[in-house]
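Some structures are shown below for you to check.
Two complexes, one shared chain (chain A), two partners (chain B, chain C).
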Partner chain A sequence: MIKVKNLYHSYSKDDKYAVKDASFEVEKGEIFGFLGPSGAGKSTTQGVLTGLLQLQKGEVTVAGYDAKKFSKKMFNDIGMSFEQSNVYNKMTAKENLAFYAKLFDVETKDPQELLELVGLGDKANLKAGDFSKGMKHRLTFARSMINNPKLWFLDEPTTGLDPAIAATIKDIIWNEKKNGVTTFLTTHNMFIADELCDRVAFIVDGEIKLIDSPRNLKLQYGAKFVDIEYIKDNDSARESLSTVEAKDRNRIKELLDTYEIQTMHTKEATLEEIFIKVTGRGLV
Partner chain B sequence: MFKKIWAIFIRDLRINTREFITIWLLAMPIIFALAINALAPSINDSTVRLALVDGENPVQEEYLENFARVSLFENEEAVRERVEKRDDYIGILRDGDEYYILTQGNENQAIVDFAKTLQVLYTLGYDIEDSTAEIIELGRNTPPFKKMLVNISILFGSILGGMLIAINIVEEKGDNTISAINVTTVSRMGFVLGKSMMGLLLPLYGSITVLLITGFGYVNIGQMLLVVLSATMLSLLIGFVEGLANDDMMTAVASFKMIFFPVGGAVAVAEAVSDKWQWTVWWIPYYWTYKGTGEVLSETATWPRMLLYTGIIIALCAVVFIVMIPRVRSGLEKS
Partner chain C sequence: MKLWYSFTKELKLASRSFYFYIELFFAIIILVVVLFAIPENFSNSTTEYLYLDMPVENAAAFEARLLDEDSDNTADKMEIKIKKELIPVTYYETEDRKIYLVESEDDLVKLADNKKQLGAVIKVDMSVSPPVTSYKYYLQGYETDRLKNLYKVIHNSNLATLEAAVEDQEVRSLSTEYTVLSDREHTIPSLLTFNGSLMGMFIIAAYIFLDKEQGIIKAYAVTASSVWQYLMSKTLVITVTSIVTTAIIIIPVMGGKPDYLLMLLFLITTGFFASGIGLLISAYFRSMAKAFNAIYVLMVAMMLPAIAYFIPGWEPFWIKLLPAYYIIQGFSEIIVKGGNAGYVLLLSLGFLAAGSVLFIWATAKHKKSLTA
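Showing the complex of A and B:
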C-alpha cells in the first residue's frame, strides 16, 4: 500500500535533511507504527506520503499513486486524522461530517453513525466549538473515516482521551484492520503502538533506525530485564537491569548482596525502553 | 468539481448568516441606499429657501413654491427670527402695497438675486408659460451628488466582498481546517473558488440592492455588473492575502482597511481634480471601476468603453495577482 525508497526531504532545499534515506514498505491491511520523538521526521515523512509536501528525492508510491504525480483523486482512498483537532467550531458535529462527506467522490459513511461510533451520538447537534478537547479529537478521528478509506493516516489518535474512550478508538482501529484497511500510525505513545501495530519503525533525526514487529523487538531486546526495588539509605530505590549483560548482572548481584530487596520482577522490555536502547534517545 | 465548490460556498453562507459581523456586511448596502435616499436631494429640490408670513398673500405663496422652498411663519417677527439663523433663508415681506427682501447680509449673492428676480416676475405677472426659450436636455436626469454617493456605495460593496473573504479565511485558519481540506479531493483552485463565491455575490447583491433602492434600477445592469465584478477580483485577492496573513478577525479587517487609501484617492481625483491630472490615479483599478460605474449611472456608458475599462482593471489586477499569488499559495500550504 505504501512504498518508500531512499526518501530525502530538506525544508531549506540543501543538505540539512529532515528525512534522510528513509526506506520502508507498508503492506495492505497492516497497521504500521511510525515512532519517534518530536522533530524526528515523522510529520515530514507523513507530509510527503500525503502529498502535502512535495517529493524532492527518492521514490514514493501511496495507494498505487506515484508521489511524483499525485492526484487529488487519491484522497478518495485516504483518511487522515490529525494530532491537532481541526474541525469547524461554528458548525455542529453532524454538519462538520456532512460537509466533509461532500468533498469526496466515493460513497461516504452516515455522519450520525460515525458519531455514534466514537461516542458523540448525543452531541451531534452541538457546535464543535462547545466541545472539550477530547470530544474535538474524536470528531477529527470520526471525520477521517467518512470516505471509507483504504489507507488511514492516524496521528496520535488517542492523545487526550480518557482510557475508556481510548479503548473504543483502539477497537475501531482493530475493526478497520479486519476490514482490510491499512493504517499508518504516528505516535509517541509506545503502549498504543505496542497494542495495535503489526510493525513499527523507529525514526530519529530523520533516519529510520529499525523496523520490526513489536513481538520480535521484545524477543530480541525484552524478557531479559529485571526490575528491582530496594531500600537504600532508608529510602526506596528502583533499577531496571539486563539479565544478559555482564555489567548489569554484576549490579544485580551487588544489589542482592548489599540492600534489602522489596520487590523483584522479570519483565518484558517496553517498546519505549527498546526505543531508547536502540536509538539512544528518549521520545520527548 | 462544481459540486465541491458549491459545498464550500454553502458552508460559508450558512456560517456567515450566523455571525453578526457578516450579517452587518449584508445589511450595509441596504443601510447605504436608505441613507442616500434620505440625504441626497432630489433633482427638483431647490436650494433657495424663502420665508413668508402665513396667509398674507396665498397667490404669491403658490407662485413662489414653483421655484423655491417656501416656509410660512406666523408674523413678520417670526420671519425675521428665521432669517437671522445661520443658514440662508430669504424673507419676502409686505410693506404697504409693496414687498421688500429681508436678508442677514451674509447670504450667497446669487440666492438673494434669485429671490429678487422671483419677486419681480411675480409682481409683473410672468409665468413659465410666458417664456419663449426652447429647452434642450442633455440627458442629465439624476442629481450628481446622489449619483456620486451611489457610485461610492457600489465601489464600497466590492471591497466588502474582499473583507468577507478575509473573515472566512481567518475562521479557517483559527480552526486549522485548511489542512483538513488539503487531504480531500478538493483542489487548491476549487477551494479558492468556493471561498470566493461569497465575496463575489456580496458585491453583486450590494450593487443591485443599492441601484434598486436609490431608484437607479433602470440602468444597464449587465454593464454595471461587468465593471463591479472585475474590481471585485482585486478585492478578493487582497481578502485572501489579508486572511492568510492574519490570525484574528479584527486584525484582518483592520489590515484590510488600508485598501481605502487608494480607493479614496481614486474617488477624490475622479471627482475633484481636473482632467489633466487624472492620469495620476490610472494605476488604481478602482478608479476605472468608479469611472465605469459613473458612466453606467449616467446612462452614457457603451459596451466598448465598459469592456475597455474592464480590460484595464483585469490587466492591473493581473499585475497584483502575479505579485501576491505566491503569498496565497504559501499561506494555503502552511495553514
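Showing the complex of A and C:
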C-alpha cells in the first residue's frame, strides 16, 4: 500500500533534514505505527505521503500512485486525520462533515452516525468553534472516515484525549482493520502502538532506527530486564536494566557491589523501555 | 458540482463572517455619504474661459461691464502656462464666477480642454442688421442641464433674446459625446471601484488567510477536490458580494439610468481580476500581517486613479498604466446614458483575460504553498 525508499525532507531546503533516509513499506491491511518523540519527523513523513508536502528526495508510492504525480482521484480512497484539528469553526459539527463529504466522488458515511461513533452525537448541531480541544480532535478524526477510506492516515489520533475516549478511538481503529483498512499512524503513545500496531518503526531525529512488530521486539527483549530498587544516599532509587547488554550487565554488578538492594525482579520490557534501549532517547 | 457545493458552503460561511458585514456596512456608508453629504452639484462658482469675437468697441463695452462686476474692479493681465505655451489672458473675478478673457478661439479651446472647464465664444455678427449675438460653448461633458441653463440666463438678460439664444445654441463636448452626470453621480465610478475591486481584493485575501490560520486548506488538500475549485468558490463569493453591495449603492442613486446588464458583466470581470490579485497575495504570504505592505501598496495604486479622477487637469500619463484607471473609466461609461458600450465590452474582455492569468498563476502558487 505504501512504499518509501530513501526519503529525505528538509523544510529549509538545505541539509537540515526533518526526515533523513527513511525507507519502509506498509502492507495492505496492516496497522503500521510511527513511534517517536515530538519533533522526530513523524508528521513530516506523513505530510509527504499525503502530498501535503512536496516530495524532495527519495521514492514514494502510495496506493499505487507515485508521489511525484499524485492524482486528486486517489484521495477518494484516502482518509487523513490531522494532529492539529482543522475544522470550520463557524459551521456546526454536522455541517462540517456534510460539506466535507461532498468533496469526494465515492459513497460517504452518514455524518450523524459518524458523530455518534466518536461520542459527539448530541453535539451535532453545535458550532465547532464552541468545541473543546478534545472534541475538535474527535471531529477531525471522524471527518477522516467520511469517505470510507481504504488507506487511513492518523496523526496522533489519541493525543490529548482522556483515556476512556482514547479507548473508544482505539476500538474504532481496530474495527476498521477488520474491514481491511490499511492504517498508517503516528504516535508518541507506546500503549497505542503496542496494542494496535502490527509493526512499528522507531523514529528519532528524522531517522528510522528499527522496524519490527511489538511482539518480536518483546520476544527479543522480553524477560531479559531486571528492575532493581536500591538505597542510595538514604533514598530509594530504581533502575531498569537489560541482562543482555554489556553496559547494563556492568551496571547491575556495580549496583550489587555498591548499594543495599531492596527489591530485584525480572520482567517483560515495555515498548517504551525497548524504545529507550534502542534509540537512547525517551518518548516525550 | 463540487464547485457548486464549495460555493454554497463559502456563501454560508461568508454570511457568518465579520468581513461580509464590513462590506455591507461600507456599501451603506457610501450610499449615505453620496445621498446626504455630497450635494447634487458642488458649487455655483464656476471658472470660464471667454473669447469675445466682436468689434473692438463692443468688446470694450463688455469688458467695462465685467470690470464693473469685478470684486476689486481691476482686470488682471496674466499668462497661463499650458504644455510649455504661455497663453495671455485677462482675469476677472465676480462673486460667483472666475472669468478669463482670451485672445483667440484657439487659445480658448486649449485652455478649456486642459483645465477641464467651460469655454465660450461670444460672437457679435455685425454683417447683418440688426447685429446678432450668438454663443458657442465648449463643455466637458459632465455639466448638468441646470448649469447650462444658468449660463444661458447669465448671458441673456431679457427673455426674448434668451429664447432666440437658445435656438442659436451650439453645444459641443470636448471629450466624448456624453450626456450629463450630476456632480453626485460623477463620484459614483470611483466609489464603485473602491467598493467592488478594492474591497474584493482585500477581503478574498482575508478569507484565505483565515482558512490558512485554521488549517482548513490542509483538510481541503487531502480530498478529491481541486485547489482551483476552492479558489474559484471564494472568487464567486466575492463577486456575489460585490454585486449586492454595488446594487445597494447604485440603485438608490442612479435609478434606471445605468445599463445594468453591462454593469453586471463589468462587475463580474473586474471582480474576477481583483480577486486574482487577492489570491496571489494570499499565495505569496503566510499571514495577513506579513502581506500588509503588499496590500498597502496595492491599495494606494488603486486609489490614485480615483484621486486623479477628482482633480481635473491632474492626469499624469502613468495613471493610465494602473488597472483601476480603467475600472473607473468603465463604470463611467456604464452609468452615463449613451455611454460607450463597446469600450466597456473591450475592458471586460481585458479584465477577464488578465484575471484568468492571475487565477492560473495563483492556483499554481497555492498548490505549492497552501500546505507547507
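The rule is simple: the second predicted complex is superposed on the first by the 251 of 284 C-alpha atoms of A that agree within 3 Å, B and C clash if a C-alpha of one lies under 4 Å from a C-alpha of the other, contacts with A are read in each partner's own complex, and residues count from 1 in each chain.
Note that in this section contacts are C-beta pairs under 8 Å (C-beta built on N, C-alpha and C of every residue); 3 or more make two chains touch, one makes a residue touch a chain.
Values in this document were obtained by computation on a predicted structure and should not be read as measured data.
Partners chain B and chain C, once the complexes are superposed on chain A, run into each other and clash.
When both complexes are overlaid on chain A, the residue A:143 reaches chain B and chain C alike. Of the two partner chains placed by superposition, A:46 touches none, neither chain B nor chain C.
Of the two partners, chain B and chain C, it is C that touches more residues of chain A.
Of the two partner chains, chain B and chain C are each touched by A:103.
When the two structures are aligned on the shared chain, A:87 is found in touch with chain B and with chain C.
The single stretch of chain C with clashing C-alpha atoms against chain B, selected from 63-71, 81-89 or 315-323, is 315-323. Once the two complexes are overlaid on chain A, the chain A residues touched by chain B in the first and by chain C in the second are 50, 52, 72-73, 75-76, 78, 80, 82, 84-91, 95, 99-100, 102-105, 140, 143.
By the touch rule above, chain A contacts chain C in their complex via residues 11, 47, 50-54, 72-73, 75-76, 78, 80, 82, 84-91, 95, 99-100, 102-106, 140, 143, 147. Partner chain B is touched in their complex by these residues of chain A: 50, 52, 72-73, 75-76, 78, 80, 82, 84-91, 95, 99-100, 102-105, 140, 143. Those residues of chain B whose C-beta lies close enough to touch chain A in the complex are 3-4, 7, 11, 14-15, 18-19, 171, 174-177, 179-187, 333. Note for the complex: chain C touches chain A at residues 2, 5-6, 9, 12-13, 16-17, 214-216, 218-226, 368, 371-372.
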